[in-house]
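Once you scroll down, you'll see the structures, which are given as structure tokens.
Note that chain A is present in both complexes that follow, paired respectively with chain B and with chain C.
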Partner chain A sequence: MSDEFNIKNIAKLASINLSEEEQDSLSNDLSIILEHVNALSDLKLNSQQQEIFIHPLEKELELQDDEVVESLTHDEAISNAPESKDGKFVVPPSME
Partner chain B sequence: MDASHLSIREINSLFTKKELKPSELYSKVFENAANSEAALHAHLTLFEEENIKKAAESDKRFSNDESASLLDGIPIAIKDNINIKNYKTTCSSKMLSNYTSPYDATVIEKLKEQNALFTGKTNLDEFAMGSSTENSAFGLTKNPWNTDYVPGGSSGGSSASVGARSSIAALGSDTGGSIRQPASFCGLVGFKPTYGTVSRFGLVAFASSLDQIGPITKTVDDARIIFSSISGEDSRDATSVINNQLDLPSDNTATIGVIKELMEDGISDEAKNEVNKVIEILKSKGYKVKEISIPIIKLSISIYYLIAPAECSANLARFDGVRYGLRVDGNTSYEMMENTRAEGFGSEVKRRILLGTYALSAGYYDEYYGKALQARKEMIDEFAKSFKDVDYLISPTTPTQAFKSGEKTNNPLEMYMSDLCTIPANLAGLPAISIPTGLSKDELPLGVQVMSRPLSDNSLLDFSEIIENEVQFDGQPKGWL
Partner chain C sequence: MSLKPTIGIETHIELNTNTKMFCRCAVVDTDEPNISLCPTCIGLPGALPVPNKKAIEFITLLALSTGCEITSKGMFHRKNYFYPDLPKNYQISQFDLPVGLNGELEIVIDENKDYIQIERVHMEEDTGKSSHSGSGRIESATSTALDFNRSGVPLVEIVTKPVISSSKQAVAYIEELRQLSIDLNISEGRLEKGNLRFDANISVAPEGSTELGTKVEIKNMNSLRSLERAIDYEIQRQTKAFEEGVEIVQETRHWDENKEMTSTMRSKEGSADYRYFSDPDLPDMLLSEDFIAEVETLMPLLPKAQREELMTTGLSLSQSNILSKSDEWIKKLYVKVFDQTKDSVASYNWITGELQGQMRKANIEVLPEWFNDGYLPEIIELIKSDKISFTSAKIILTEILTTDTTPSKVAEENNLYQENDSEKISEMINQIIQENQDIVDRIKSGEDKLVGFLVGQLMKQSNGSVNPGMAKELLLKELED
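Coming up: the complex of A and B.
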């Protein structure tokens, strides 16, 4: 497995603005953890060709019927917004 | 008599015979909270005033012989990552310090239907990520047995509350041991049901294929009562399953497997001794006991710390300063999101989001996440094979007794290792329970874990009750009661 770890790039992908200090300490922690999880690379698997389920009981996930059901009201859905106007979420501009 | 020490069935019997009123018990648990909260900090919020009216309604039902629920008037604490309508759900994160839930979780709806009373919301490791409740943005919770030690985590507030009797029972959530490990550290029963038997709707998601809500209680019967009240298929949780229970023998016709890999290096002698003590008791009762080897268990931490962070990085993408939670300004939406997430998340949450982002990123997906999923499948198959030979698997719940506050905070990997025995049940979706069995030389509780095949929760509880009755652990933390 690869030991490359570009903390700035990963933080950008995760949308977290890390300080220089945090970059150093998290980079160090993550290297140690990745070294540990690399133990998996030695594992010879029997089930390589098998279908992988996300559900541990191997339940097939089904789509719900397209029916209207009771849900949050518009006001409830927006009640925790940091900023809203006319029932809509307000955000800073996406393009400069 | 102090009814806060009694089991749910014993309390219900006193209510029914009109020898105790729900409002009297409610006052008692808040008296216990007043005596313990300053030292333990189990609850983030207490609901005393709001529920006095509800306790009086319970009084009236019992007085008129109209109560039909074992949970009527029982004070229950709720981990603060489970939504109760019109109350804050903070997940012990700065990100959600002002979030008020507009809806009830399914488990809360069910407990309300049973007329249970809520004592308040309990402290946790931020977004349930941790094993000591030291990762909370709102301060540490301490172990009621000795405040120099952690209560475990992430449901440390829930276990400290039941331990100090500021609630009769509590709900926690368990992604890698977060119910069982704190229950073990606090001398309580902690039960993680089969994945999917309890709806996750309204539980703030951490790792959706592993998360499961369950009870922390004083007795196995209390855990059974709460499990039967909160379980059931729910169309609002696509992963929920029909709770068709399998019947396994719980008497001495059952065969017990001792997991070899969880009785080796890395497990303290004290933890092993508790398992051996239980095995000797079971043998003397005529149970057949054999050693079972599941070698892939040794890779549990590696598998878990790829799958859980991967799912966490996707689930926590929702905290972007737009729809709810904290917002920290920025010149553009992107800057605002980056600043919000930098300010709102604590170190452990950032660590796991970054680890998951890396494991899922282009070029690494197959070698990390893909491989972990395959290894998980292998573990599920290995457990299924073992359950052809044995009905129940036994191991320590935790490698050691509770550790001291601050002892592992600077070493994330060492902290992760404290979940070695509990993680396999989450990866394989199995029901698993921790039963308190004794005290260490430091006078701190120790427990054993029992697991069984998926959807055999009720049999697992029956078998656990036999162990509980044989072991007769009756220790209680002193100083709060």
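Coming up: the complex of A and C.
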């Protein structure tokens, strides 16, 4: 088990089940990735360089006016639901 | 050891835009499920979010109105989680670069002002509504049903610093924030409809300690009353635990309105558990100086300034506060009535007391069309000049609220004008004295209380038209002679 992260907790947050074997191998992989990423903090950057965000889109944010555009009908929206009842999507029980 | 509670409040305000935050689906107020959806707000693959300009304006307006520093280069973040109420598996929110930082809100409790520091003001999209089926308790639900009409509706979240020290302060803060959102015209501010939702972070620590205790988050408070009671309950619970040496766990607790207690909901996620990262679908949000200047032009007279203005008419701080939190027509009516009477106390008392009281009793929600701005000043003047009694004034008000008439007409038609002619009153007094000689004798032998009986007789005989103060004075004089 890594000192820096808890693989079981990460699996829980990602909502996936991992076998003991998978936990071991993924822990190794993640440790290597973390080590690599940690190397970035050794870079000596000035404050301006630190302010650069890495964003895949080099464009300005576009805003839209607050005007309604019709889209899916109720039937279209719900047509792909695995299950529905009384006009609602039905999923396995889940609560906060 | 004396303990000191520390409270921070997170409030979500639903913005009253026509469309959702990242798509142009209509914001609807209906029980009919799933009728305002598109690929974006139900998280279909490939759908891309485009922010609502009006929502960004509203959030900036709220940030400016609370004196926040505006982040000129803001960012949208994904807050990752797996509840099905947002089918994308993340909520678009803002993390380290919110719209506004470090603001302040003035609150009023009785005749005192206080200031609540605001940590941040940021955008968040609302979730869909889930309901759980199956019998009995929520834990034994067999399925979850989802309505995504609310999914993606714009919210502004306002987070205070941990500076609130009592439930009373917390309630005053929410009342102020609610009024602010109404005056800014960014929300209807209706708690019962969920327009405003709040969670409280509460901890206790020894008085004088510089460190805060372990904080517990309280959810599910749907009214100001439940906010007040939940905070009081939680402070008591934590104080007891602290005194008994029981560890206070960092967790989210649920306020149960019926049982009047909080209970464990889940162990609290740390912010790292949400694995925030910048949303690659949304470029940085640059708020230009021009944009901010444009938003500033929308700024109305804020509740704080309204109070200051009202106080210049002679009202106290608490009276000004009550008026500033009243409906717009009441505020306007006060100004008009005061302008005509120059009597702040009478104007305030008649509007917030008798007028609103009678309207509530008669289920009248808006003043009738014929109700002239001059009517209340006329009534106030009639009382001041001793032409009518207070009781008659109330009768007049009832009439003009339900019938298209005027105060003077009602007074005339119902003989409500007071008799102020001392000769006429003396004549009536003499008659009463003659008819009640036995009572007069008893008064003269020391039974002072019976004077009231004679005044009563006089009022009865005159159909209440005699000025009671004058009548008593004249009666006493007559009895002495």
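In this section, the second predicted complex is superposed on the first by the 75 of 96 C-alpha atoms of A that agree within 3 Å, B and C clash if a C-alpha of one lies under 4 Å from a C-alpha of the other, contacts with A are read in each partner's own complex, and residues count from 1 in each chain.
Simple rule for what comes next: a residue touches a chain if its C-beta (ideal position, glycine included) is under 8 Å from a C-beta of that chain, and two chains touch if they have at least 3 such contacts.
Small disclaimer: the values here were computed from a predicted structure and weren't measured.
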item	value
Touched partner set for A:H74, first chain B, second chain C, both or neither	second
Contacts of A:N17 with chain B and chain C, given as first, second, both or neither	first
Which of chain B and chain C A:L30 touches, first, second, both or neither	first
Dominant contact partner of chain A by residue count, chain C or chain B	B
Contacts of A:F5 with chain B and chain C, given as first, second, both or neither	first
Touching partner for A:L61 - first (chain B), second (chain C), both, neither	both
Touched partner set for A:L43, first chain B, second chain C, both or neither	first
Shared contact residues on chain A - chain B and chain C	13, 15, 53, 55-59, 61-62, 64, 72, 77-78, 83, 89, 91-96
Residue numbers on chain A that touch chain B, as the complex places them	1-2, 5, 7, 10-11, 13-19, 22, 25-26, 29-30, 32-34, 36-41, 43, 45-48, 50, 52-59, 61-62, 64, 72, 76-83, 89, 91-96
Chain A contact footprint on chain B (complex, rising order)	98-100, 102-103, 194-196, 209-210, 235, 238-239, 241, 296, 299, 301-303, 305-306, 313, 317, 320-327, 329-339, 341-342, 345, 347, 350-351, 353-355, 357-358, 361, 363-364, 367-368, 371-378, 380-381, 412-413, 416, 427-429, 454-455
Touch list for chain A against partner chain C, complex	13, 15, 53, 55-69, 71-72, 74, 77-78, 83, 85-96
Contacting residues of chain C [partner chain A, same complex]	17-19, 23-26, 32-35, 37-39, 42, 50-56, 75, 80, 82-84, 130-132, 134, 138-139, 141-148, 265-266, 273, 275, 278, 280, 282-286
